[in-house]
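Both complexes below contain chain A, partnered by chain B and then by chain C.
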Partner chain A sequence: MNVSKDLIRLAALGFVLGMVIGDIMVVAFTASEGMSLAAPELIDEFGELPAIIIQTLLSGVLGCICFGATIVYYKDEYSILAATCIHMVIAFLTLIPISNFLWWTGRVMEGNIVVLAMGICAYVMVWFSVYMSYRIQIQKINEALERRNSGKQ
Partner chain B sequence: MRKMIPVVAMIGVLVMLIWGYLDSFKYSWLAIMVAGIAIVAISIYEKDRQNKQTK
Partner chain C sequence: MRVDFIQDKEADDISVIVHAPSRSKDVDELIEAIRNYAPTPLSGYSEGVVTKLNKDSIIRIYSKDKRVYADTSEESYLIKSTLYQLEADLPRQFVRISNSEIVNSDKIIRLDLNLAGTIKVYLQGDIQTRVSRRYISKVKEVLM
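Right after this comes the complex of A and B.
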(Lines of atoms letter the chains of each structure in order from A and count residues from 1; the text may use other names and numbers.)
(Lines give C-alpha, C1' and ligand atoms only; values in the text may rest on other atoms or scores of the structure.)
Protein backbone atom coordinates (compact mmCIF):
# COMPACT_ATOMS: atom_id res chain seq x y z
CA MET A 1 0.00 0.00 0.00
CA ASN A 2 1.32 3.42 -0.98
CA VAL A 3 0.61 5.35 2.23
CA SER A 4 1.48 8.86 1.05
CA LYS A 5 -0.53 8.48 -2.17
CA ASP A 6 -3.53 7.09 -0.26
CA LEU A 7 -3.21 9.83 2.36
CA ILE A 8 -3.31 12.55 -0.31
CA ARG A 9 -6.26 10.88 -2.04
CA LEU A 10 -8.22 10.57 1.24
CA ALA A 11 -7.35 14.11 2.34
CA ALA A 12 -8.42 15.60 -1.02
CA LEU A 13 -11.70 13.69 -0.97
CA GLY A 14 -12.19 14.72 2.67
CA PHE A 15 -11.69 18.37 1.79
CA VAL A 16 -14.46 18.49 -0.83
CA LEU A 17 -16.83 16.29 1.17
CA GLY A 18 -16.08 18.29 4.34
CA MET A 19 -17.14 21.51 2.64
CA VAL A 20 -20.50 20.00 1.65
CA ILE A 21 -21.12 18.18 4.96
CA GLY A 22 -20.14 21.24 7.06
CA ASP A 23 -22.50 23.54 5.15
CA ILE A 24 -25.37 21.01 5.22
CA MET A 25 -24.93 20.56 9.00
CA VAL A 26 -25.06 24.33 9.59
CA VAL A 27 -28.15 24.70 7.37
CA ALA A 28 -29.82 21.84 9.27
CA PHE A 29 -28.93 23.27 12.69
CA THR A 30 -30.12 26.77 11.79
CA ALA A 31 -33.38 25.48 10.29
CA SER A 32 -35.40 26.90 13.18
CA GLU A 33 -33.93 30.38 12.54
CA GLY A 34 -34.61 30.41 8.80
CA MET A 35 -31.87 28.30 7.14
CA SER A 36 -28.57 30.15 7.31
CA LEU A 37 -25.29 29.04 5.71
CA ALA A 38 -23.24 30.26 8.69
CA ALA A 39 -23.80 30.94 12.37
CA PRO A 40 -25.38 34.41 12.87
CA GLU A 41 -22.51 35.39 15.23
CA LEU A 42 -19.95 34.53 12.53
CA ILE A 43 -21.89 36.60 9.96
CA ASP A 44 -21.92 39.53 12.44
CA GLU A 45 -18.16 39.14 12.91
CA PHE A 46 -17.03 38.92 9.27
CA GLY A 47 -20.01 39.79 7.03
CA GLU A 48 -22.12 37.27 5.09
CA LEU A 49 -19.93 36.33 2.11
CA PRO A 50 -16.57 36.16 3.99
CA ALA A 51 -18.23 34.21 6.84
CA ILE A 52 -19.64 31.61 4.44
CA ILE A 53 -16.32 31.31 2.57
CA ILE A 54 -14.36 30.97 5.85
CA GLN A 55 -16.81 28.37 7.13
CA THR A 56 -16.77 26.39 3.87
CA LEU A 57 -12.96 26.34 3.79
CA LEU A 58 -12.58 25.43 7.48
CA SER A 59 -15.20 22.66 7.08
CA GLY A 60 -13.05 21.42 4.21
CA VAL A 61 -9.94 21.49 6.43
CA LEU A 62 -11.84 19.56 9.11
CA GLY A 63 -12.97 16.98 6.54
CA CYS A 64 -9.46 16.82 5.09
CA ILE A 65 -7.85 16.03 8.47
CA CYS A 66 -10.58 13.63 9.63
CA PHE A 67 -10.69 11.76 6.30
CA GLY A 68 -6.90 11.75 6.00
CA ALA A 69 -6.58 10.40 9.53
CA THR A 70 -8.62 7.32 8.54
CA ILE A 71 -5.28 6.07 7.14
CA VAL A 72 -4.60 4.72 10.68
CA TYR A 73 -7.31 2.09 10.07
CA TYR A 74 -5.28 0.74 7.12
CA LYS A 75 -2.09 0.35 9.18
CA ASP A 76 -1.71 -3.24 10.32
CA GLU A 77 0.41 -2.41 13.36
CA TYR A 78 -2.49 -0.67 15.14
CA SER A 79 -5.38 -2.55 16.73
CA ILE A 80 -8.92 -1.35 15.94
CA LEU A 81 -9.13 0.22 19.41
CA ALA A 82 -5.77 2.01 19.01
CA ALA A 83 -6.68 3.23 15.52
CA THR A 84 -10.06 4.51 16.76
CA CYS A 85 -8.42 6.31 19.71
CA ILE A 86 -5.75 7.92 17.48
CA HIS A 87 -8.42 9.05 15.01
CA MET A 88 -10.59 10.38 17.84
CA VAL A 89 -7.72 12.47 19.30
CA ILE A 90 -6.81 13.89 15.86
CA ALA A 91 -10.48 14.64 15.08
CA PHE A 92 -11.12 16.35 18.44
CA LEU A 93 -7.91 18.40 18.24
CA THR A 94 -9.15 19.73 14.90
CA LEU A 95 -12.87 19.92 15.63
CA ILE A 96 -12.79 21.85 18.91
CA PRO A 97 -10.80 24.92 17.69
CA ILE A 98 -12.66 25.02 14.35
CA SER A 99 -16.11 24.66 15.92
CA ASN A 100 -15.28 27.40 18.42
CA PHE A 101 -13.96 29.72 15.73
CA LEU A 102 -17.03 29.13 13.55
CA TRP A 103 -19.43 29.59 16.52
CA TRP A 104 -20.82 26.06 16.09
CA THR A 105 -20.55 25.52 19.84
CA GLY A 106 -21.34 29.10 20.78
CA ARG A 107 -17.78 29.54 22.16
CA VAL A 108 -18.88 28.26 25.57
CA MET A 109 -17.51 25.35 27.61
CA GLU A 110 -20.92 23.62 27.72
CA GLY A 111 -20.98 23.49 23.91
CA ASN A 112 -17.53 21.89 23.82
CA ILE A 113 -18.50 19.34 26.46
CA VAL A 114 -21.64 18.39 24.49
CA VAL A 115 -19.56 17.99 21.29
CA LEU A 116 -16.99 15.87 23.15
CA ALA A 117 -19.68 13.65 24.70
CA MET A 118 -21.47 13.16 21.38
CA GLY A 119 -18.14 12.50 19.66
CA ILE A 120 -17.09 9.88 22.20
CA CYS A 121 -20.48 8.11 21.80
CA ALA A 122 -20.03 8.16 18.00
CA TYR A 123 -16.51 6.73 18.28
CA VAL A 124 -17.66 3.94 20.59
CA MET A 125 -20.26 3.02 17.94
CA VAL A 126 -17.62 3.22 15.17
CA TRP A 127 -15.23 0.98 17.14
CA PHE A 128 -18.00 -1.52 17.88
CA SER A 129 -19.21 -1.69 14.26
CA VAL A 130 -15.66 -2.08 12.85
CA TYR A 131 -14.86 -4.70 15.52
CA MET A 132 -18.04 -6.67 14.75
CA SER A 133 -17.45 -6.43 10.98
CA TYR A 134 -13.91 -7.91 11.36
CA ARG A 135 -15.20 -10.56 13.77
CA ILE A 136 -17.84 -11.69 11.26
CA GLN A 137 -15.25 -11.75 8.45
CA ILE A 138 -12.84 -13.87 10.56
CA GLN A 139 -15.69 -16.21 11.51
CA LYS A 140 -16.54 -16.68 7.80
CA ILE A 141 -12.86 -17.36 6.94
CA ASN A 142 -12.61 -19.92 9.77
CA GLU A 143 -15.80 -21.65 8.62
CA ALA A 144 -14.48 -21.80 5.04
CA LEU A 145 -11.16 -23.23 6.28
CA GLU A 146 -12.98 -25.83 8.37
CA ARG A 147 -15.09 -26.88 5.38
CA ARG A 148 -11.98 -27.11 3.23
CA ASN A 149 -10.08 -29.16 5.82
CA SER A 150 -13.00 -31.52 6.45
CA GLY A 151 -13.36 -32.02 2.67
CA LYS A 152 -9.72 -33.08 2.38
CA GLN A 153 -9.92 -35.71 5.13
CA MET B 1 -19.44 6.82 -11.12
CA ARG B 2 -17.64 6.95 -7.75
CA LYS B 3 -15.24 9.55 -9.15
CA MET B 4 -18.22 11.84 -9.69
CA ILE B 5 -18.63 12.38 -5.91
CA PRO B 6 -15.87 15.02 -5.47
CA VAL B 7 -16.92 16.66 -8.76
CA VAL B 8 -20.55 16.94 -7.58
CA ALA B 9 -19.35 18.28 -4.20
CA MET B 10 -17.19 20.97 -5.83
CA ILE B 11 -19.98 21.97 -8.25
CA GLY B 12 -22.41 22.23 -5.30
CA VAL B 13 -20.08 24.51 -3.34
CA LEU B 14 -19.32 26.69 -6.39
CA VAL B 15 -22.99 27.04 -7.36
CA MET B 16 -23.86 27.92 -3.75
CA LEU B 17 -21.18 30.63 -3.56
CA ILE B 18 -21.90 32.09 -7.01
CA TRP B 19 -25.67 32.05 -6.41
CA GLY B 20 -25.18 33.76 -3.04
CA TYR B 21 -22.75 36.32 -4.45
CA LEU B 22 -24.88 37.22 -7.50
CA ASP B 23 -28.29 37.04 -5.86
CA SER B 24 -28.71 36.20 -2.18
CA PHE B 25 -27.63 33.56 0.31
CA LYS B 26 -31.25 33.23 1.43
CA TYR B 27 -31.92 30.26 -0.86
CA SER B 28 -28.42 29.37 -2.11
CA TRP B 29 -28.20 26.61 0.53
CA LEU B 30 -30.49 24.66 -1.82
CA ALA B 31 -27.47 24.09 -4.11
CA ILE B 32 -25.46 22.42 -1.35
CA MET B 33 -28.49 20.36 -0.29
CA VAL B 34 -28.97 19.10 -3.87
CA ALA B 35 -25.24 18.24 -4.03
CA GLY B 36 -25.53 16.37 -0.73
CA ILE B 37 -28.54 14.37 -1.95
CA ALA B 38 -26.75 13.57 -5.23
CA ILE B 39 -23.64 12.37 -3.31
CA VAL B 40 -25.75 10.13 -1.07
CA ALA B 41 -27.60 8.74 -4.13
CA ILE B 42 -24.30 7.98 -5.93
CA SER B 43 -22.90 6.31 -2.78
CA ILE B 44 -25.99 4.11 -2.37
CA TYR B 45 -25.93 3.16 -6.07
CA GLU B 46 -22.21 2.32 -5.93
CA LYS B 47 -22.61 0.27 -2.74
CA ASP B 48 -25.48 -1.65 -4.31
CA ARG B 49 -23.43 -2.30 -7.46
CA GLN B 50 -20.44 -3.50 -5.39
CA ASN B 51 -22.66 -5.83 -3.34
CA LYS B 52 -24.07 -7.34 -6.55
CA GLN B 53 -20.54 -7.83 -7.94
CA THR B 54 -19.28 -9.61 -4.79
CA LYS B 55 -22.29 -11.97 -4.87
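Right after this comes the complex of A and C.
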Protein backbone atom coordinates (compact mmCIF):
# COMPACT_ATOMS: atom_id res chain seq x y z
CA MET A 1 0.00 0.00 0.00
CA ASN A 2 1.29 3.45 -0.92
CA VAL A 3 0.51 5.34 2.30
CA SER A 4 1.24 8.90 1.10
CA LYS A 5 -0.77 8.42 -2.11
CA ASP A 6 -3.70 6.96 -0.16
CA LEU A 7 -3.47 9.75 2.40
CA ILE A 8 -3.69 12.41 -0.31
CA ARG A 9 -6.59 10.61 -1.99
CA LEU A 10 -8.52 10.27 1.28
CA ALA A 11 -7.80 13.86 2.34
CA ALA A 12 -8.92 15.26 -1.03
CA LEU A 13 -12.11 13.21 -0.94
CA GLY A 14 -12.66 14.30 2.68
CA PHE A 15 -12.26 17.96 1.77
CA VAL A 16 -15.00 17.77 -0.87
CA LEU A 17 -17.32 15.66 1.26
CA GLY A 18 -16.66 17.86 4.31
CA MET A 19 -17.70 21.00 2.43
CA VAL A 20 -20.90 19.38 1.16
CA ILE A 21 -21.84 17.66 4.44
CA GLY A 22 -21.02 20.76 6.54
CA ASP A 23 -23.26 23.00 4.48
CA ILE A 24 -26.09 20.45 4.31
CA MET A 25 -26.00 19.97 8.10
CA VAL A 26 -26.14 23.71 8.79
CA VAL A 27 -29.08 24.09 6.42
CA ALA A 28 -30.82 21.15 8.12
CA PHE A 29 -30.16 22.47 11.66
CA THR A 30 -31.32 25.99 10.83
CA ALA A 31 -34.37 24.81 8.84
CA SER A 32 -36.72 25.47 11.76
CA GLU A 33 -35.47 29.07 12.06
CA GLY A 34 -35.91 30.08 8.42
CA MET A 35 -33.00 28.10 6.90
CA SER A 36 -29.52 29.61 6.65
CA LEU A 37 -26.28 28.60 4.91
CA ALA A 38 -24.25 29.47 8.03
CA ALA A 39 -24.91 29.92 11.74
CA PRO A 40 -26.70 33.29 12.27
CA GLU A 41 -24.00 34.36 14.79
CA LEU A 42 -21.27 33.69 12.19
CA ILE A 43 -23.20 35.78 9.64
CA ASP A 44 -23.47 38.60 12.23
CA GLU A 45 -19.71 38.35 12.80
CA PHE A 46 -18.49 38.28 9.18
CA GLY A 47 -21.43 39.10 6.88
CA GLU A 48 -23.38 36.49 4.89
CA LEU A 49 -21.08 35.64 1.96
CA PRO A 50 -17.77 35.58 3.93
CA ALA A 51 -19.50 33.49 6.65
CA ILE A 52 -20.66 30.94 4.08
CA ILE A 53 -17.19 30.79 2.46
CA ILE A 54 -15.44 30.45 5.84
CA GLN A 55 -17.85 27.73 6.93
CA THR A 56 -17.54 25.80 3.64
CA LEU A 57 -13.73 25.93 3.74
CA LEU A 58 -13.48 24.96 7.43
CA SER A 59 -15.98 22.12 6.89
CA GLY A 60 -13.69 20.98 4.08
CA VAL A 61 -10.65 21.13 6.41
CA LEU A 62 -12.56 19.10 9.00
CA GLY A 63 -13.52 16.50 6.38
CA CYS A 64 -9.98 16.47 5.02
CA ILE A 65 -8.43 15.75 8.45
CA CYS A 66 -11.09 13.23 9.52
CA PHE A 67 -10.99 11.34 6.20
CA GLY A 68 -7.21 11.55 5.95
CA ALA A 69 -6.89 10.21 9.49
CA THR A 70 -8.75 7.02 8.48
CA ILE A 71 -5.32 5.95 7.23
CA VAL A 72 -4.70 4.70 10.82
CA TYR A 73 -7.14 1.87 10.10
CA TYR A 74 -4.79 0.65 7.33
CA LYS A 75 -1.86 0.55 9.77
CA ASP A 76 -1.59 -3.05 10.90
CA GLU A 77 0.45 -2.23 13.97
CA TYR A 78 -2.64 -0.58 15.48
CA SER A 79 -5.50 -2.74 16.70
CA ILE A 80 -9.03 -1.71 15.71
CA LEU A 81 -9.50 -0.19 19.16
CA ALA A 82 -6.21 1.74 19.02
CA ALA A 83 -6.95 2.99 15.48
CA THR A 84 -10.44 4.12 16.55
CA CYS A 85 -9.06 5.94 19.63
CA ILE A 86 -6.31 7.66 17.59
CA HIS A 87 -8.84 8.73 14.97
CA MET A 88 -11.21 9.99 17.67
CA VAL A 89 -8.52 12.16 19.28
CA ILE A 90 -7.48 13.62 15.90
CA ALA A 91 -11.11 14.28 14.95
CA PHE A 92 -11.99 15.92 18.29
CA LEU A 93 -8.88 18.11 18.23
CA THR A 94 -10.07 19.41 14.86
CA LEU A 95 -13.81 19.36 15.43
CA ILE A 96 -13.97 21.26 18.73
CA PRO A 97 -12.09 24.43 17.65
CA ILE A 98 -13.75 24.48 14.21
CA SER A 99 -17.26 23.91 15.52
CA ASN A 100 -16.74 26.64 18.14
CA PHE A 101 -15.36 29.06 15.57
CA LEU A 102 -18.34 28.38 13.26
CA TRP A 103 -20.81 28.75 16.17
CA TRP A 104 -22.05 25.15 15.75
CA THR A 105 -21.74 24.68 19.50
CA GLY A 106 -23.10 28.14 20.33
CA ARG A 107 -19.64 28.66 21.90
CA VAL A 108 -21.00 27.32 25.19
CA MET A 109 -19.87 24.35 27.30
CA GLU A 110 -23.19 22.55 26.82
CA GLY A 111 -22.75 22.70 23.03
CA ASN A 112 -19.26 21.23 23.31
CA ILE A 113 -20.49 18.47 25.62
CA VAL A 114 -23.25 17.57 23.14
CA VAL A 115 -20.72 17.44 20.26
CA LEU A 116 -18.34 15.30 22.35
CA ALA A 117 -21.12 12.95 23.47
CA MET A 118 -22.41 12.52 19.93
CA GLY A 119 -18.85 11.97 18.69
CA ILE A 120 -18.10 9.33 21.32
CA CYS A 121 -21.36 7.51 20.46
CA ALA A 122 -20.41 7.59 16.77
CA TYR A 123 -16.95 6.17 17.52
CA VAL A 124 -18.36 3.40 19.69
CA MET A 125 -20.60 2.47 16.75
CA VAL A 126 -17.64 2.61 14.32
CA TRP A 127 -15.51 0.41 16.56
CA PHE A 128 -18.40 -2.04 17.08
CA SER A 129 -19.26 -2.32 13.37
CA VAL A 130 -15.60 -2.80 12.32
CA TYR A 131 -15.08 -5.30 15.15
CA MET A 132 -18.24 -7.22 14.20
CA SER A 133 -17.32 -7.35 10.51
CA TYR A 134 -13.99 -9.00 11.41
CA ARG A 135 -15.65 -11.24 13.99
CA ILE A 136 -18.09 -12.57 11.38
CA GLN A 137 -15.25 -13.19 8.91
CA ILE A 138 -13.21 -15.02 11.56
CA GLN A 139 -16.20 -17.08 12.61
CA LYS A 140 -16.68 -18.18 8.98
CA ILE A 141 -12.97 -19.04 8.67
CA ASN A 142 -13.10 -21.08 11.90
CA GLU A 143 -16.18 -22.94 10.66
CA ALA A 144 -14.35 -23.72 7.40
CA LEU A 145 -11.34 -24.92 9.42
CA GLU A 146 -13.54 -27.15 11.54
CA ARG A 147 -15.14 -28.68 8.45
CA ARG A 148 -11.73 -29.18 6.90
CA ASN A 149 -10.14 -30.67 10.03
CA SER A 150 -13.07 -33.02 10.68
CA GLY A 151 -12.86 -34.17 7.03
CA LYS A 152 -9.22 -35.12 7.53
CA GLN A 153 -9.94 -37.33 10.54
CA MET B 1 -6.22 -41.41 -17.19
CA ARG B 2 -4.57 -40.13 -20.33
CA VAL B 3 -1.84 -37.49 -20.16
CA ASP B 4 -1.04 -35.45 -23.27
CA PHE B 5 1.52 -32.78 -23.98
CA ILE B 6 0.83 -29.99 -26.45
CA GLN B 7 3.67 -27.70 -27.41
CA ASP B 8 2.69 -24.04 -27.63
CA LYS B 9 5.58 -21.71 -28.42
CA GLU B 10 3.41 -18.66 -27.75
CA ALA B 11 2.49 -19.73 -24.21
CA ASP B 12 3.89 -17.51 -21.44
CA ASP B 13 3.81 -20.24 -18.79
CA ILE B 14 2.80 -23.86 -18.29
CA SER B 15 -0.98 -24.29 -18.18
CA VAL B 16 -2.93 -27.46 -17.46
CA ILE B 17 -6.50 -28.11 -18.57
CA VAL B 18 -8.30 -31.09 -17.06
CA HIS B 19 -10.85 -32.73 -19.34
CA ALA B 20 -13.42 -34.96 -17.64
CA PRO B 21 -17.02 -36.02 -18.31
CA SER B 22 -18.10 -34.28 -15.08
CA ARG B 23 -16.70 -32.60 -11.97
CA SER B 24 -16.08 -35.24 -9.30
CA LYS B 25 -14.08 -35.67 -6.08
CA ASP B 26 -11.25 -37.29 -8.07
CA VAL B 27 -11.19 -34.38 -10.50
CA ASP B 28 -11.12 -31.87 -7.62
CA GLU B 29 -8.26 -33.75 -5.95
CA LEU B 30 -6.32 -33.86 -9.20
CA ILE B 31 -6.81 -30.11 -9.73
CA GLU B 32 -5.73 -29.42 -6.15
CA ALA B 33 -2.63 -31.63 -6.58
CA ILE B 34 -1.69 -29.80 -9.79
CA ARG B 35 -2.24 -26.44 -8.10
CA ASN B 36 -0.06 -27.50 -5.19
CA TYR B 37 2.73 -28.78 -7.42
CA ALA B 38 5.90 -26.80 -6.80
CA PRO B 39 8.82 -27.64 -9.09
CA THR B 40 11.64 -26.18 -6.98
CA PRO B 41 12.50 -27.91 -3.71
CA LEU B 42 12.98 -25.72 -0.67
CA SER B 43 16.35 -25.95 1.07
CA GLY B 44 16.59 -25.27 4.78
CA TYR B 45 19.83 -24.55 6.63
CA SER B 46 20.32 -25.54 10.22
CA GLU B 47 23.66 -25.78 12.04
CA GLY B 48 25.55 -25.90 8.74
CA VAL B 49 23.47 -28.78 7.37
CA VAL B 50 21.31 -28.33 4.27
CA THR B 51 18.00 -30.17 4.32
CA LYS B 52 15.49 -30.55 1.51
CA LEU B 53 12.27 -29.52 3.17
CA ASN B 54 9.04 -31.31 2.53
CA LYS B 55 6.66 -28.40 2.01
CA ASP B 56 3.83 -30.23 3.75
CA SER B 57 5.89 -30.32 6.94
CA ILE B 58 6.40 -26.55 7.04
CA ILE B 59 4.18 -24.78 9.56
CA ARG B 60 5.19 -21.20 8.83
CA ILE B 61 7.78 -19.11 7.07
CA TYR B 62 8.67 -15.73 8.55
CA SER B 63 11.25 -13.00 8.38
CA LYS B 64 13.14 -11.84 11.43
CA ASP B 65 16.19 -9.55 11.56
CA LYS B 66 16.28 -9.46 7.75
CA ARG B 67 16.50 -13.27 7.54
CA VAL B 68 13.87 -15.78 6.51
CA TYR B 69 13.09 -18.86 8.60
CA ALA B 70 10.84 -21.87 8.12
CA ASP B 71 9.42 -23.65 11.14
CA THR B 72 8.54 -27.32 11.02
CA SER B 73 7.26 -29.29 14.00
CA GLU B 74 10.83 -30.49 14.61
CA GLU B 75 13.11 -27.61 13.80
CA SER B 76 13.53 -24.06 12.56
CA TYR B 77 15.50 -23.62 9.31
CA LEU B 78 17.13 -20.65 7.67
CA ILE B 79 15.84 -20.15 4.11
CA LYS B 80 17.93 -18.36 1.52
CA SER B 81 15.08 -16.72 -0.30
CA THR B 82 12.81 -13.76 0.20
CA LEU B 83 9.24 -14.01 1.43
CA TYR B 84 8.15 -12.36 -1.80
CA GLN B 85 9.79 -15.09 -3.91
CA LEU B 86 8.49 -17.83 -1.66
CA GLU B 87 4.95 -16.47 -1.82
CA ALA B 88 5.07 -16.77 -5.60
CA ASP B 89 6.67 -20.24 -5.64
CA LEU B 90 4.91 -22.02 -2.79
CA PRO B 91 1.75 -24.08 -3.35
CA ARG B 92 -1.67 -22.50 -2.82
CA GLN B 93 -1.96 -23.95 0.70
CA PHE B 94 0.57 -21.34 1.85
CA VAL B 95 -1.01 -18.01 2.61
CA ARG B 96 0.47 -14.64 3.48
CA ILE B 97 -0.84 -13.43 6.85
CA SER B 98 1.31 -10.33 7.34
CA ASN B 99 4.18 -8.46 5.76
CA SER B 100 6.60 -10.74 7.57
CA GLU B 101 4.87 -14.12 7.59
CA ILE B 102 3.42 -16.90 5.43
CA VAL B 103 1.67 -19.88 7.01
CA ASN B 104 0.71 -23.33 5.82
CA SER B 105 -3.09 -23.24 5.87
CA ASP B 106 -3.15 -27.00 6.53
CA LYS B 107 -1.47 -26.28 9.89
CA ILE B 108 -3.95 -23.64 11.06
CA ILE B 109 -5.97 -24.76 14.06
CA ARG B 110 -8.10 -21.64 14.53
CA LEU B 111 -8.18 -17.86 14.48
CA ASP B 112 -9.06 -15.59 17.34
CA LEU B 113 -10.10 -11.94 17.57
CA ASN B 114 -9.76 -10.08 20.87
CA LEU B 115 -11.79 -7.02 21.92
CA ALA B 116 -9.05 -4.64 20.86
CA GLY B 117 -9.38 -6.10 17.36
CA THR B 118 -6.08 -7.98 17.16
CA ILE B 119 -6.31 -11.19 15.15
CA LYS B 120 -4.28 -14.20 16.27
CA VAL B 121 -3.77 -17.47 14.46
CA TYR B 122 -3.10 -20.70 16.35
CA LEU B 123 -0.92 -23.15 14.44
CA GLN B 124 0.15 -26.72 15.01
CA GLY B 125 3.33 -27.04 17.07
CA ASP B 126 1.90 -24.71 19.72
CA ILE B 127 2.69 -21.65 17.63
CA GLN B 128 0.57 -18.52 17.79
CA THR B 129 1.14 -15.42 15.72
CA ARG B 130 -0.59 -12.24 14.54
CA VAL B 131 -2.63 -11.89 11.34
CA SER B 132 -2.74 -8.50 9.65
CA ARG B 133 -6.28 -7.26 9.03
CA ARG B 134 -5.19 -6.48 5.47
CA TYR B 135 -4.54 -10.19 4.78
CA ILE B 136 -7.64 -11.69 6.39
CA SER B 137 -9.49 -11.82 3.06
CA LYS B 138 -6.60 -13.84 1.57
CA VAL B 139 -6.82 -16.35 4.44
CA LYS B 140 -10.57 -16.58 3.86
CA GLU B 141 -10.03 -17.12 0.13
CA VAL B 142 -7.64 -20.03 0.69
CA LEU B 143 -9.72 -21.73 3.36
CA MET B 144 -13.21 -21.30 1.94
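One rule holds in what follows: the second predicted complex is superposed on the first by the 147 of 153 C-alpha atoms of A that agree within 3 Å, B and C clash if a C-alpha of one lies under 4 Å from a C-alpha of the other, contacts with A are read in each partner's own complex, and residues count from 1 in each chain.
The rule is short, and it goes like this: a contact is a pair of C-beta atoms (placed from the backbone, for glycine too) under 8 Å apart; a residue touches a chain by one contact, two chains touch by 3 or more.
Being a predicted model, the structure only gives us computed values, none of them experimental.
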Per the contact definition in the header, classify A:148: touching chain B only (first), chain C only (second), both, or neither. second
Is A:74 touching the first partner chain B, the second partner chain C, both, or neither of them? second
Does chain B (first) or chain C (second) touch A:35, or do both, or does neither? first
For A:13, using the defined touch cut-off, is the partner it touches chain B, chain C, both, or neither? Pick first, second, both or neither. first
After superposition on the shared chain, which partner residues are touched by A:140: those of chain B (first), chain C (second), both, or neither? second
May I ask you to decide whether A:24 touches chain B, chain C, both, or neither, giving the answer as first, second, both or neither? first
Contacts of A:126 with chain B and chain C, given as first, second, both or neither: neither
Once the shared chain is lined up, is A:48 touching chain B (first), chain C (second), both, or neither of them? first
Scan A:82 for contacts with chain B and chain C and give back first, second, both or neither. second
Could you pull out which residues of chain A sit against chain B in one structure and against chain C in the other? none
Chain C to chain A touching residues, read off their complex: 98-99, 108-119, 132-134, 136-137, 139-140, 143-144
Residue numbers of chain B touching chain A in their complex, please. 5-6, 9-10, 12-13, 16-17, 20-21, 25-26, 28-29, 32-33, 35-36, 39
Write out the stretch or stretches of chain A touching chain B in their complex. 12-13, 16-17, 19-21, 23-24, 27, 35-37, 48-49, 52-53, 56
Residues of chain A defined as touching chain C within the complex: 1, 74, 76, 79-83, 127, 130-131, 134-135, 137-138, 140-142, 144-145, 148-149
